[in-house]
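Two complexes come next, and they have one chain in common, chain A, joined by chain B in the first and chain C in the second.
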Partner chain A sequence: MGLKFRCERDVLAKALADAGRAVTTRGGALPVLAGVRLELTGDQLTITGSDLDLTISVTVEVAGAEDGVAVLPSKLASDVVRSVRAGAVDITVEDDDARIEASPSEFAIRLIPADEFPQLSSPDGDAVTLDAAAFKAAIEQVEKAASSDDARPILTGVLMAAEEGGLRLVSTDSYRLSVRDLAGSSVLSEGQKVLVPSRALKELARVVGDEESITLRLGERDAGFEVGSVSVTTRLIEGEFPSYRGLIPTNHPNQLTVDRTTLLDAVRRVRLLAQESTPVRMAMSADGLELVAVTQDVGQAHEAVEEAVYKGDDLTVAFNPEYLIDGIEVAPGDEITLETVDELKPALLKSAEDPNFLYLLMPVRVS
Partner chain B sequence: MRLVVAECTVDYDGRLQAHLPAATRLVMVKSDGCVAVHADGGAYKPLNWMNAPNRLIEDREEGVWTVTSPKGEVLTITFHDIISDSTHEMGVDPGLQKDGVEAHLQKLLADDPTSIASGLRLVRREYPTDIGPVDLMCRDADGLAVAIEVKRRGEIDGVEQLTRYLEFLNRDPMLRPVRGIFVAQEIKPQAKVLAGDRDIGCVEVDYDELRGIESPNLKLF
Partner chain C sequence: MSQAGRPPDGTLGFVHVDMDAFFAAVELRRRPELRGQPVVVGGTGDRGVVAAASYEARLFGIHSAMPSTRARRLCPHAVFLPGDHAHYGEVSAAVMAILRDVTPLVEPLSLDEAFLDVRGALHGEDRAAAIAAEIRARVLAEQRLTCSVGVATNKFLAKLATERAKPKASPSGPVFGSGVHVVPVGAELDFLHPMPVRELWGVGPATAKRLSSMGIETVGDLAAQPVRRLEKGIGKAAGAHLHALANARDDRPVVTDQELKSIGHEETFARDLCTHEDLRPQLMRMADAVAARLRAGSVLGRTVTIKVRFADFSTITRSVTVPEPLDGARAIGIEAEALLRRLDPTPGVRLLGVSLSQLVDGSVRQLTLDEARGPSWSEADSVVDEIREKFGSSAIGPAALASKGEGIRRFEVGQQQWGPDRAPASGSD
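Our next item is the complex of A and B:
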């Protein structure tokens, strides 16, 4: 089937790269999934990549000459288009090859049979609209706490649940837990909840750009997000998300209040000496906060954070520095609070200004 | 294995030419014909070596060994002072035991099968079948046979292996029905799917916990 169009290099390169992010990198049962499917109808070119769990489609405006469908090897096509000189790129599909021309370069790439590309369905639920900027920010606030360990697939997802007339996003890898409420975003019916792979949400956040809204459609087993010219469809994770409400202590006798950026910078400095999985200790007292990291045979770091205000019993709690930084980075506002019970119970990191975010973090046991 | 500790000079003529001046070295001649010249340092790499097959001609009068490979490489070792020359019969090597963790994991689980599932009791470790021993044979609380395959990392191969054992074990009228449990520190999702499809249970175990080591990284749940 022929296919012929002209497109600006940068537009085509970005579309190929975006769709290519869903392309499987592992050799699987379907070699065609190493390719991206190009479908031209008039001047609309849709490029689709999928690993069957995640599908990303990008539609761009091109100068179409002949409608058609073709599957090109994703990485090679993307590398070729990105490498040519800026300007127009002509793509012509003839027989088994796609010819990519951008003067003075000319490439012929062997196609992957298009009829082997799987039929990908889209969820058929009612469309609901989300504020793109708020949803992107919420994704960024929770996705880091999701697990990347495929052995526990449920923890690789972000729970989206209807909560008090709004939408709640929750993620946990069992060491920390992020909760973000989007008040007024009633995209799910009361009591409804779905578990969306964090990978899909991360890809969605990447493509939001300056778009104002995201359209969400939920199916029984999948969810589809449309933002501008990009659609991200993902399989939902099946299973019961851990019961998290009881994990959040209701009474924290100790409270540290500190400027978010000041603490973030200090932890980042001290972390340099928290090597080989050693934690960063936070020594909190009426004098404020002192950060300490000690790595045997390497060295140690101390930093007093005098601006910190602490109310409670003198306490030293140790944390995995990466997890601590992840929480501080995504907490909204300028000032944060860290509420603690003792050195072994979960600490609660919150924004002093925004009650819709919390980050629960387990300490590291130190001798 | 012949081991010669001697002051020697070594000359290699093959892909290049190399000369080792006189010094005390260990010369090893392995039973397959490999010849290696070692200094007193470095973990495993010889100063010079010739892989088998080789032809070794020993000129006892001159104190010179000439080792020739089929490719025409020649290693000449000139002995000036032999300190020790001994030959040892080493027998067949059992091979590298690659994964000490896996063996230890099997032992720990054999000591306490209830860490896999409550009510399990051990019948025998390394229970023999015609195609090799299954790691643990247990009986469950109802007295039914349970074959358990233990891996450090649970992948599809391990499920296939257990499937074959179950096929053989279920031919034994004294044992059947035998169900299987696949146990590993971590089981890949594909392996879980395959195991589920074959009615094989999957259990992930914490090696540190079994050893009684408490992780400093506390968990929420």
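Our next item is the complex of A and C:
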């Protein structure tokens, strides 16, 4: 088992880094998973990293000399290749070592036995195609509302469901909920829904680059995304996503309309005085919107937000500033609306122009 | 997290509890043969001082902090006992635990004295008085010790009220006090002004003498003085301070002495319980009591612990930590019951306890979307709190108790009001 090739440093370094993002950082589990698998067939080099839940494979064109398979320690290989001088890098596997040569440097890195690397199957469902840019934007609009708490596995996923001939993405960490509709992307059959780990979608969004399309294959237990030379395969999360339809209020007596970046800048400023988990208060009246933050023993901030238009009863609602900012940041368009019922009911943040995005946010109760 | 109550706001709810002749009473409890005799606890050597004197001993003029040699001269036939501080500490902890059952806002001043802020558990004037009476009754029932309780709109007045409630020494033996004295809202000055100035905190013999030379004998005289004159006469800080007190102003909140680590409730049963069916209603009642206290103290807890003591006195605890902090009776009950279900009660359970730890501030709380689903359990809890506020703590309780003859009458509650049972957090459509 030889394996010998030459590759441009920057191409190889990027491929190792991308595949390495799936490599487990939790030590211990299975030592071989700290490695990336390199497989050369002709001039095609495929680098794969996996933590068994998420697998990322990157295929790059190299000058192949000898086909073969080898597993290298991911972080070390990546660090070495990134550190050498720009230009060609030669990799040769001999016995138990991988030799990495890039004049004037020469490294020999001990291999991890390749036969221990798990057999990773790819989902065998029919391939469907998604618009890469639109899907990437949709992921970025919902991934923040997904939970990062492993104690609640279902909430760490993004629900992908067929909805009225399109594709709907939904995520929630139980404090807020994002819903994004991709009209016309009928990649799932009607009624079909899968729960995809948000981490996998985040990695996918990262590698989209200038590619135009993403190919999706769904299996029983996993989903595979291919974009350009990268494939991202992920286990699906089993379990029932919380019902969310009933949560979205249909009747809002109060509506605030405001320029998105104006509000975003104002909340970012006022947030500086909302420390130690104190909220930012939005005081809404016929005069418009005032933001207030008060942290005991630290200080306070006030800002009257320019050109905010409010229709409804005078109302003050308190929000976690981070959650509020997350929603304002990802809402599409220049103008947003915030619809409220009262200070304890979920507030609905929408784009004034684009009906395909909703961000539902629970207030902070101050007693 | 540290705990401080709100400053006074004019409502009745500051409670001062003072044990009656504490060390002496504790000694009499374990030496009942000494009852009726003058008993003095403290240093028995030549340099010792009196730590406590029974009311019979006080009749001879003995009081705490007096040199023991002088006490002996005043009453040679008194029984002098050395102090057993380790034991008093244990008894004190048990009394403080009773107080913390009422509210987490307990500020111990010493082993035998504490302030409570019960406004969170309130209710109006009658309730504050009722809580004071409950405290006395529980301390007597559980510790066989008496205490006196003052209730007022701030700490300073509550402490003075306690003095009114105290037993007094008299030639024919101790005269029991009222036990509880309430200074009603609006009656603060009527209560305060006839008192001699010496009654005020911070007025020692020297200050009293100086005030007297200024023609000030009663608290009312003091209140009528311009602050300037007082400041000139007895110093700036003391003058302003006494003037505020004389006008019944004291804005100090109740501050707990320690970080509040857990809130719990436990009970020993009259007979050992051997089945889950018998234990469940008890557990639900305790979950309800703990939840009410969490809400009264504006805290939530993430870790639910149950404590089980079996007939042979072996004791175990089991706990679970949940992602979302809890203050609801139902949610705490569900977690506690899941823990209990894993235990075998057949050897007989004599004591059961439920407590919540990993407490977080509940005054600012990120709401969850689950709370937006129809009428929520937290709304039900606040209705329960309101009902209890109006009608007392036994007016409403968990349905699990209804069939168990716990004194709760059962009504059929409409689905509309309470909503149907639903699966927790991650339920389905």
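Quick note on the criterion: the second predicted complex is superposed on the first by the 365 of 367 C-alpha atoms of A that agree within 3 Å, B and C clash if a C-alpha of one lies under 4 Å from a C-alpha of the other, contacts with A are read in each partner's own complex, and residues count from 1 in each chain.
One rule holds in what follows: a contact is a pair of C-beta atoms (placed from the backbone, for glycine too) under 8 Å apart; a residue touches a chain by one contact, two chains touch by 3 or more.
Bear in mind the structure is a predicted one, so any value in this text is a computation, not a measurement.
Participant: Based on the superposed arrangement around chain A, label chain B with chain C as either clash or fit.
Facilitator: Aligned on chain A, chain C clashes with chain B.
Participant: Check whether chain B or chain C contacts more residues of chain A in the superposed model.
Facilitator: Result: the larger residue contact count on chain A belongs to C.
Participant: Classify the contacts of A:P321 with the two partner chains as first (chain B alone), second (chain C alone), both, or neither.
Facilitator: Neither partner.
Participant: Kindly classify A:I154 by the partners it touches after superposition: chain B alone (first), chain C alone (second), both, or neither?
Facilitator: The answer is second: A:I154 touches chain C but not chain B.
Participant: Counting only touches as set out at the top, which of chain B and chain C does A:P197 meet: first, second, both, neither?
Facilitator: A:P197: touches no partner chain.
Participant: Which partner does A:S174 contact after superposing on A: first (chain B), second (chain C), both, neither?
Facilitator: Both partners, chain B and chain C.
Participant: Touching A:G224, do we find chain B (first), chain C (second), both, or neither?
Facilitator: The answer is neither, since A:G224 touches no partner chain.
Participant: Where on chain A do the contacts from chain B and from chain C line up?
Facilitator: The overlap between the chain B and chain C interfaces on chain A comprises residues 149, 151, 172, 174-177, 242, 247, 279, 320, 344, 346, 360, 362-366.
Participant: Which residues, counting only chain A, touch chain C once they are in their complex?
Facilitator: Residue list for chain A touching chain C: 149, 151-152, 154-155, 172, 174-177, 239-247, 277-279, 318, 320, 344-346, 360, 362-367.
Participant: For chain A, which residues are in contact with chain B within the complex?
Facilitator: 149-151, 153, 172, 174-177, 242, 247, 279, 320, 344, 346, 360, 362-366
Participant: Given the complex with chain A, which residues does chain C contribute to the contact?
Facilitator: 298, 323-324, 362-374, 425-429
Participant: Would you tell me which residues of chain B are touching chain A in their complex?
Facilitator: 186-189, 204, 214, 216-221
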